[in-house]
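Structures given as structure tokens follow.
Both complexes below contain chain A, partnered by chain B and then by chain C.
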Partner chain A sequence: MASLIETNACDGLLPISVGRAEMAECTAERITSVAPFKGRTRALGTGLKALGLGWPAPGTSQTSKAGSILWTGADQAFLIGADPAGLGASAALTDQSDGWARMRLAGPDAEKVLARLVALDLRTAACPVGEVRRSGLNHMPMVLWRSGEDAFEIFVFRSMAATAVHEMAAAMRAVAARDRFD
Partner chain B sequence: MRINCPLCGTRDRREFTYYGASVYADRPAESAGPEAWDDYLHLRDNPAGETTDLWYHELGCAAWIEVTRNTVTHEISGTRLLTAPEKGGAK
Partner chain C sequence: MRIAGKGILDRSRTVGFRFDGRDYTGFEGDTLASALLASDVRLMGRSFKYHRPRGVMTTGSEEPNALVTVGQGARQVPNVRATVQEIHAGLEARGQNAWPSLGFDVLELNEVFSPLLGAGFYYKTFMWPKAFWESLYEPLIRRAAGLGALSKQHNDEAYEKAWAFCDLLVIGSGPAGLMAALTAGRAGADVILAEEDHRMGGRLLMETHEVAGKPGADWAEEALQELASLPNVRLMTRTTVTGAYDGGTFGALERVGLHIANPPADLPRECFWRIVARRAVLASGAHERQIAFSNNDRPGIMTAGAARGYLNRWGVAPGHSITLLCNNDDAHRTARDFIAAGVNVEAVLDVRADAKAEGLPLRPGLRIVDTAGRKGLSAIIVADREGKISRIPTDCLAVSGGWNPALHLTCHMNGRPVWREDIAAFVARPGMVPGLAAAGAANGTFSTQGCLREGQEAAILALSELGMSEKAGAVPQAEDGAVNLRAYWEVPKPKHRAWLDFANDVTTKDVRLAAEENFASVEHMKRYTTQGMAPDQGKNSNIGALAILADATGRGIPETGTTTFRPPYVPVTIAAMGAGGQGAGFAPQRLTTTDKAARDRGAPMIEAGLWYRAAYFPRPGEATWREASDREVTMVRERVGVCDVSTLGKIDIQGRDAGRFLDLVYTNTFSTLKPGRVRYGLMLREDGMVMDDGTTACLAENHYLMTTTTAAAGQVMRHLDFVKQAHCPDWDVRAISVTENWAQFAVAGPLARELLNSLAQTPIDAGTFPFLSCGTLRLMGVEARLFRISFSGEIGYEVAVPARYGAALWRDLVSRAESLGGGAYGMEALNILRIEKGFLTHAEIHGRITAFDVGLQGMVSAKKDCIGKGASQRPGLTGPEREQLVGLKPVQPGALIGAGAHLFDQGAEPISANDKGYVTSACWSPTLQSHLALGFLKDGRARIGSSVRLVDHLRKTDTVCEVVSPVFFDPEGGRARG
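After this line comes the complex of A and B, so read on.
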């Protein structure tokens, strides 16, 4: 068998730091897609409760000691970090840990950088800390999770990691250039 | 143009894919006669006034949405999820 090399999605691409924003790859964690079976939402709620979590309302997330759960679409959430073993009877579980490039954008200019690529109102009044959005990072499907006042986690398909970093770096440089005139 | 996704809120039209008249979601029974299938596949109303269309929130939450619009005024008067949430996609 060929000798396989284990790499993270953004190996060789991140971290980058430009002006008042920086982007790094998040520490690799287990990501499980959770899609409730028909009529099993109550049972799923019980299973999540054992993890200190619950089923997240659209656009929201919940975090406990065990991990986090992010709403990621119609009848779908991502369980992050936590072990999904107790949920198998009430939801379809799919291990997607290797399927996503997960990056953290942080800094006072984080919102301004995203404004160049994401057609959403991301001011804290419209997108408070802890909320989640499904939208596009330019043309790439994205999960956006506001993890802090000045910090966002960005998930894109792993195959798009290099494109995402390329476009984010360009946006970071453009915002930094504008900052010099402020 | 912006469409109000019942799950995501108001979003740019480019996040959605258009799928035509909403009757496309009302598939005839397998045992239905050829006339019913011909009607389902090929025949559409062309109203001057209110009509309903299917849109897919492709670059968002992946929900199917029924959009009610007026072909005369171009006003969008409502949107609703085609499937009830938490039913695993079943109607």
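After this line comes the complex of A and C, so read on.
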């Protein structure tokens, strides 16, 4: 049978590596937005427990073997990797797998690169590993997930992938050029 | 002249550079000013108005005179202060505001007319005739006056913006700043130490003071080594903090690549920082003041602190024979330092009769009355108590009228400083900027010991407020002398002009004139004379000018007050503030999954919000956009067309109250919509005007998918969030955008179903999938969503697949459509198709339109309330006085109609008083072979069948049109239901 070919959000744009930072597109995973129905937060918690997860407090994430869940706003979280089938009765589930360009920025200069585009305090004391922020990547709406000491996952609208990569690359080059004069 | 054994720069590394077309050499660590002075170049600029020769006056960013242009072509930067620009190989600087050269400037002729050019002259003289001001006088004056010029070319260099965060921001790295940074850094606080110079240490680099028994510069070096070893301390040199803003946010300008020879293209020239600090210490030092006297602006006259600064830091004597004019003890150091360095000090004129200065050539009783030397100082003219005139030869006069604390940042939130009589200067009051404390000279404390102590105290206070404990050691021992100043602003009765604002050519006489003409408020005086409006923003002249104004108006200085200190503290290039925003960097680009395919086919893209959408898909032989879009329209009407409509907003709405929620936001009822069905809806703003329209599908019980227009997608999502949170927080409803998740294509035309069925695993038919139904469809293994809706008036479907399949499905749909005699269509054809059908876009629902105006008053349900319903029933929003949506068809079908044209009664003069309406959308209809338009006409629905005059003042057309129904084509709608 004929089939439709899949295209990644960052097709042809990534990976890039400049100086002490590199950026790659994350492996495609199922992303489901989860928003508890009225009065169903506890039931949702039970459902998430079966996945080894719980409802994330604002600005946080939880990770288990099944997947991760990231706070993304008031009464809203993104379930990543895991199958949400068991949560349908207690939360509005919406497929978001194709809506986001998901990139991983890593390296000793990662924080410096983001300081060019993100108006947030990302010192590890202010944004420890595992924490999540909703903010702007320059002018682009973003979910930012600190996945490691020197690693961040950046989610931007799929349609903005090219601009995001362009601006990240410019920031990476500027930081790398400075490194040579430090 | 470089003095052997003086200075703290490394003389083993010489650097060549060019100034005004000549080659010079200096040492690494030299500024352009210090290197030129070392080469005995005193003339560095021409003044703003009179083109007077000017030399360097300071060592810092406050420099009013030595403004040069650096770089060539598009990369040239005007008004660079020679005191800030570091020399480097390849540096090419030149004087400005002079023609043909700095040394021979014919515009010096302005001097001849100087009696005419005093303050307010332009206002009085060139106001008549009025029209001549902009066309003649101003351009002429601007050509003769001014500072450096812009290249007027696009600069391609990299600039940068960045953010930083800390517990304590220390602004300035003199003794107070270093001590504050050490205290907080040792306590473990995250510290940023920002210094505008390229080398940290502040005045410690320019004085011969000892700190803790060693030269001040050595102590500073040790302190810096300790700070550099602390991981929690960040040292930012070449970084000027330019503004204090809300929430502990500071703006700062960093010179990143301006000092580097052949910098790589990726290295930013400058970076504009936003630094967010929980606490801040302002240790920005102080600016030394001039004293006004006759011809006090010749090259060679500088501040006393600058004169000894050049000697002590750069090993440069700015003259061979130094004289000193001062009103305080601190300035005596200048004479002492030069004498110690073996430079002749000819005379010290101290305005205090009781001044004592052992070992200095103090000349009591002598008063300076004038100076001599055309392109550089050659002598000062003095008078004794009896008025006897004599001449003292000198090529450098060091002047000190006292010091003004650099308190600018403390005033950036509108706080007003207080006057301190003992130092004759304004100082900050605590708390003027929350969390910011001034320390050291910035706080009016001028001794080194006092600065060290206050720096430590400010850090301790900040630490305790942050709940951090400190282990402050003893403050190192340093000089603790008093300034002993006597306020002295001008030498009375100057024979010639006595300059206050060097950068803007403002004299004491100008200020007095302002007072005489009743511009007596300090703010009025400033605007009348332009004092304080030059690049130095009055740093060198504000206090002197207001002292003169106070004298002229008989008030005290504190009563006279200062003008307002506003950011930025130093000039900031627009390139730095707008970094990243050049060209396409202005806004993100949103690209659909079919973007590449469209561009590959040569489709021109048009912007819809941030989105880029194909305008049309040209085929070989089509010479104009009209040929292409006419073909595309006909294709849809007769065969089948495919259009990317992914940019329309899509919002997923779920919950037991979802239907009720839709009833609240839409004017019509949605709670009755059954799964598998779609309904058109209209949404109002709170004020009753139409906000948006679109369709909403019921995907399943309590599960809806709303579509919005492309333009209003963000606005509608925000509106839903607002309604949910503000009006019905208890309802069980959840809404989230899925615009980006789905690629969605319109398939329209008589062959639309045939096209879809060629891909579908299970074919659809008209009976089981009627107009306004929705469901799923399997396309080559992918579950698609299918909606039977039509924006073209033909049999229409919109098919949506997860975005990853968008590019592939588009390719397939377009090639199959082409084999059926159809193909892709773009925005132009989409627009024509919908005008033919009278469908709305935001050209019509532009924000001042009610449901009544567009003829949809019947859609506002009488059975329920909705957002905006009450407001839409206000008087004046319905009735014959409203402009109502109509169709317009020229009586001559070939006559052109342009959107934006206005409507008039036939026979009425086409002026705004007779305006009856306007055209919102217009097109050539290939289907109906006529120009068509939609527009709003007063009482339009009642006028259907009559004629109006349509005048397009912009395109110069005048057409008679028939008023018709807005639905031009297939008014019964049978084609879409087929």
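A few remarks follow.
Operating definition for what follows: the second predicted complex is superposed on the first by the 177 of 182 C-alpha atoms of A that agree within 3 Å, B and C clash if a C-alpha of one lies under 4 Å from a C-alpha of the other, contacts with A are read in each partner's own complex, and residues count from 1 in each chain.
Operating definition for what follows: a contact is a pair of C-beta atoms (placed from the backbone, for glycine too) under 8 Å apart; a residue touches a chain by one contact, two chains touch by 3 or more.
Note that the structure is predicted; figures quoted are calculated from it, not measured.
Judged by the touch definition given at the top, the superposed model places A:Gly59 against chain B, while chain C stays out of reach. Legend: residue contacts after superposition of the two complexes on their common chain; A:Lys49 is shown touching neither chain B nor chain C. Contacts of A:Arg173 after superposition on the shared chain: chain C is touched, whereas chain B is not. Touched residues of chain A were counted for both chain B and chain C, and C has more of them.
After overlaying the two complexes on the shared chain, residue contacts for A:Asp75 are found with chain B and with chain C alike. When the two complexes are overlaid on their common chain A, residue A:Ser135 makes contact with chain B while staying clear of chain C.
Using the contact criterion defined above for the overlaid structures, shared-chain residue A:Ala119 touches chain B and also reaches chain C.
In the superposition on chain A, contact is made by A:Lys38 with both chain B and chain C. Overlaid on A, the two complexes show chain B and chain C touching the same residues of chain A, namely 35, 37-39, 75-76, 119-120.
Of all residues in chain C, only 158, 160-165, 190, 256, 260, 263-264, 266-268, 274, 276, 580, 585, 587-593, 611, 652, 654-657, 730-732, 734, 736-742, 779-782, 801-809, 812 touch chain A in the complex they form.
Interface of chain A with chain C (complex): residues 1-9, 28, 33, 35, 37-39, 75-76, 91-92, 94-100, 115-116, 118-121, 123, 126, 138-140, 157-164, 167, 170, 173-174, 176-178, 180-181. Across the complex, chain B meets chain A through its residues 7-9, 11-12, 14-15, 57, 59-63, 81, 83, 85-90. Touching chain B in their complex are the following residues of chain A: 35-39, 41, 55, 58-59, 72-76, 119-120, 133-136, 141.
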